[in-house]
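Each of the two complexes below includes subunit A, the first together with subunit B, the second together with subunit C.
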Partner chain A sequence: MLNKFFNTMNRLIFSSMVLVLTSPLGAFAADQAATGGGDKPWWFWPSILFVFCFVLGVLAVMAGVGGAVLYVPLVSGFFPFHIDFVRGVGLMVALAGALAAGPGLLRRNLANLRLALPVALIASAFSVVGAVIGLRLSALDPNIIQACLGATIVGIAALLIFSKNSEKPVVTKQDAIGMALGLNGLYWDEGARESVEWKTHRTLLGLFMFILIGLLAGMFGLGAGWANVPVLNLMMGVPLKVSVATSKFLLSITDTSAAWIYMNQGCVIPLIGIPSIVGLMLGSLLGVKLLAVAKPKMIRYLVILMLLFSGLKALDKGLGLGLLG
Partner chain B sequence: MKKDKLTLLLVDDNEKFLNSMAERARMRDYTVLTATNGEQALEIASKQTVHIAVVDQQMPGMEGLVVITRLKAISPDMKTLLLTGHGDEKLKEATEALNSSYFDKENISGFWDFLANLSLGNINILLVDDNPKFLRTLSDRIKLKGHDPLTALNGKQALEIMKSTRVQLAIVDQRMPDMDGLEVITQLKKIDPSIKTMLLTGHGDEKLKEATEALNSAYFEKEDMGSFWGFFRKILKSLETSMAAAGMAEDGDQEDAIKIEDPLKKDK
Partner chain C sequence: MDEREKLARRASKEQIIYANILVVGVWSSIAIMGITYFLYLSNIMPPYVDLHTITTLWGKGVKEYLELTHSPHGWGWVYFLNKGDFLNYIGFVLLAVMTIICYLVLVKGYLAKKDWLYTGIAVLEIVVLSLAASGLFGSGGH
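The block that comes next holds the complex of A and B.
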């Protein structure tokens, strides 16, 4: 009975998503942008944004793709908002999700503090740098950021398709830095009913990668789960469960630093931010309920495809090619 | 204190563990008896007084819960504690239903404090309420204060407990199906005039208050205990869980997200 209800909901949400994305809204939004907002009342765009973000929240959870990763390219592509505002709110969206998830993950002992802190120190320092560079570039010419964003999004889509996370990576020998920082731990695997010990390797390389991740996270407001998890999991050899939880907790530190830069520059507008954050949060709550009932693999591929398309569109727009309209 | 009089019965099939526990207990001035299986434990308990029994759940032959049930049959006043290395909600509930305590072997460092509280708390508190959920919440809070309350779901049960165990304080709900709280208090006072009693009610009433006071009993309104906040906290807790699950799912670990959101799913 409940199952049936959720399945119906599933279909409903999916079709409404298709509707939202294929409606003439995109073209319409472009027109609006050209005329500077047009004759719509003030609540028009926030309401649409709310519904859009709600659907996005459901999809993000069901597809296993970060909310902010979807948010920035899609909203900047389909809504008449300046890219700086979208990036600023994107950071807030990622931050809100991370802060909401953090307590539960820490309480369950999934997020590892010892792993998170050194990494967070590096990533948050460079996210500030990234945010400053991003805003400077955007002040020069928004198209530069648009194109870089597009390229990054295409890269993320490729990463999501090709990288296969490993649940329990094998680390034969911990390196000296990992040992010095105490990057190891133990968690209880309920399925196998055993405690799993883990340690890191290639730690220095991993820490260097977080310089890059911090820069990208600050520059585009994309959140950084898509980069954190592969680096922690595939490069450093942290089990998937611990990687994901630590990455989420990590974001609450990294993005806070960068968010200040955007706030300080006036790039976080409540009228955009509030409907986005509330919509995504509520959407992800529903997403989790749906996920517990059914886990259609199709959604993941469709969402990645959508991401790829929006990345290409941003690239196209940034380079001024005009191939995708 | 009276600690040196307390007899502790340790039951575990792992002799190494048993010996190290026994040694530590002796250092804490308990009189220690040991048994390596259920039968042996029951034999000891039938021959001499045991105040506290600490029983391992996983043993060949008779498992811990069964041993506890039979120990309680021999001596209802005995405090019992189940030890286990494999945390399990169902097991915990079953233990609590037997009015026994529960301890995870993984938290063994906190065990001795727990035991000290258990044995020092020689005030017996009896909680009577027909709402099992409320009863458990109240009982958990009292446990946090280091006591081990007895619980009854109705007046009849309460009186039965009262006949077999000495109770110093009874907290009784007013509205219950078989007899009302005032009646239960009157009866309890008949059995033991020195018992302190407290009436709980969700339906404030001046007359009721006067009647309670006439019985020399304290009076509390349940509303004061913040059922609203309890509800609020529950919502927050489930939100926290769902958001943690959403966080895991978004970053690509959907298996664990489902486990966090719905831990019982795998049993279905």
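The block that comes next holds the complex of A and C.
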């Protein structure tokens, strides 16, 4: 009976995604967003946003992406809010999700504090720079940010399609910086029922990459799990499970610094922020439960499609082409 | 469970303390958000910016929005805690301050272990986060 319920939920989620992307309701929302949606009662958009974020939370967990990477392009495309507010709230959404996941990951020794600390310092310092640049560019012309965001989202979709993570990368020799920072460890792999030792290589290159990641996270309010994992896993040779867990934990630090910049600038409006944060967190809780019976691969492909569509829409809007409405 | 498995499962003392503080902080801030949002929307605490006004202005850039609503930026909201909308900032701030609190605990732990490198990294992170929180950066946008 439980399986039947989850199968029904699976179908419902799938249908709702297709509905959001293709139905007249989606077109209506986009149209309303384009006209500002000012003729609606004040509770209309926050209520829609709460439901929308709840569904996003479910999908994000099942697709293995952060909520903010879906939130920013989709909400800026389909809701009447200015991109300044969407980016500010997007960071708060990413921050809340990362902080909520952090304790479990740290206690199970999957997220590694020693690995996270130096990386977080670089990423958070540069996310401050990214946030300042993003706000300046947005004040100059919001279309610049919209177009850059679109290009970044399309790039993220491509990264999700083409990057092949490595479960347990082979690191034959640890480099000097990794050794000096003590970037190594031991974790328990529940699936394989074995303890796995790991150490890093190409540490300096990896640390440099976090400059770029921090800049992008701050500039677009995206969170950066999509970039953290490939760098930790493929470049630095950290096992996939430790990379994913440490990346999630890292977001709680990286996004904190950028979130402060947006919050101090007044970009976090409670009427938009709280339904987004609570909706996404509740959705994530349901997503974790559904993960056991869902078909994450199909959902992942759908999320990539959604990312591609929203990225192209943002690009179209930013460049003023008007091809996608 | 053999010794190696125990070792692999065991998180460091700092990780456990960090996790414990996070749990309390995050769920407190979510609970606070729920309460303050209720006070705000039910008009028990009237807002600084009227709800209908927000819906007509949220499509404008933040600079214009602040000018038109005469809203404060930076830490200016602290003076308006009797207003429903700014009361919600307590939850946001608690969420954003959690990492700084956790890092202060880390510094203490690393100092006790005389791990100077990680003490330095943790102190620098606190400096970065505190500067970001101070409102010194990006204020030129207004």
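Heads up, the rule we're going with is that the second predicted complex is superposed on the first by the 308 of 325 C-alpha atoms of A that agree within 3 Å, B and C clash if a C-alpha of one lies under 4 Å from a C-alpha of the other, contacts with A are read in each partner's own complex, and residues count from 1 in each chain.
Simple rule for what comes next: a contact is a pair of C-beta atoms (placed from the backbone, for glycine too) under 8 Å apart; a residue touches a chain by one contact, two chains touch by 3 or more.
Given the structure is predicted, the values throughout are model-derived calculations rather than measurements.
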Based on the superposed arrangement, let me know which partner A:100 touches: subunit B (first), subunit C (second), both, or neither?
-> both
Could you say whether A:288 touches subunit B, subunit C, both of them, or neither, answering first, second, both or neither?
-> first
When the two structures are overlaid on chain A, which partner does A:245 contact: first (subunit B), second (subunit C), both, or neither?
-> first
What is the contact status of A:229 with respect to subunit B (first) and subunit C (second): first, second, both, or neither?
-> first
Of the two partners subunit B and subunit C, more of subunit A gets touched by chain C
Between subunit B (first) and subunit C (second), which, if any, makes contact with A:108: first, second, both or neither?
-> both
Dual-contact residues of subunit A (subunit B, subunit C) 100, 102-104, 107-108, 281
Subunit A contact footprint on subunit B (complex, rising order) | 86, 239-254, 256-262, 265-266
Could you pull out which subunit C residues touch subunit A in their complex?
-> 4-5, 7-12, 14-16, 18-20, 22-23, 25-26, 30, 33-34, 36-37, 40-41, 51-52, 54-56, 58-63, 65-66, 71-75, 85, 88-89, 91-93, 95-96, 98-100, 106, 117-118, 121-122, 124-125, 128-129, 131-133, 135, 137-142
Subunit A residues within the subunit C interface of the complex = 36-38, 40, 42-43, 45, 80-82, 84-85, 88, 92, 95-96, 99-100, 102-104, 106-109, 111, 113-114, 117-118, 120-121, 124-125, 128, 131-132, 135-136, 138-139, 142, 180-181, 186-188, 195-196, 252-253, 256-261, 263-274, 277-278, 281
Residue set of subunit A touching subunit B in the complex reads 60-62, 64-67, 97-98, 100-105, 107-108, 110, 165, 190-191, 193, 225-226, 228-229, 240-241, 244-245, 247-248, 281, 284-285, 287-289, 291-292, 295
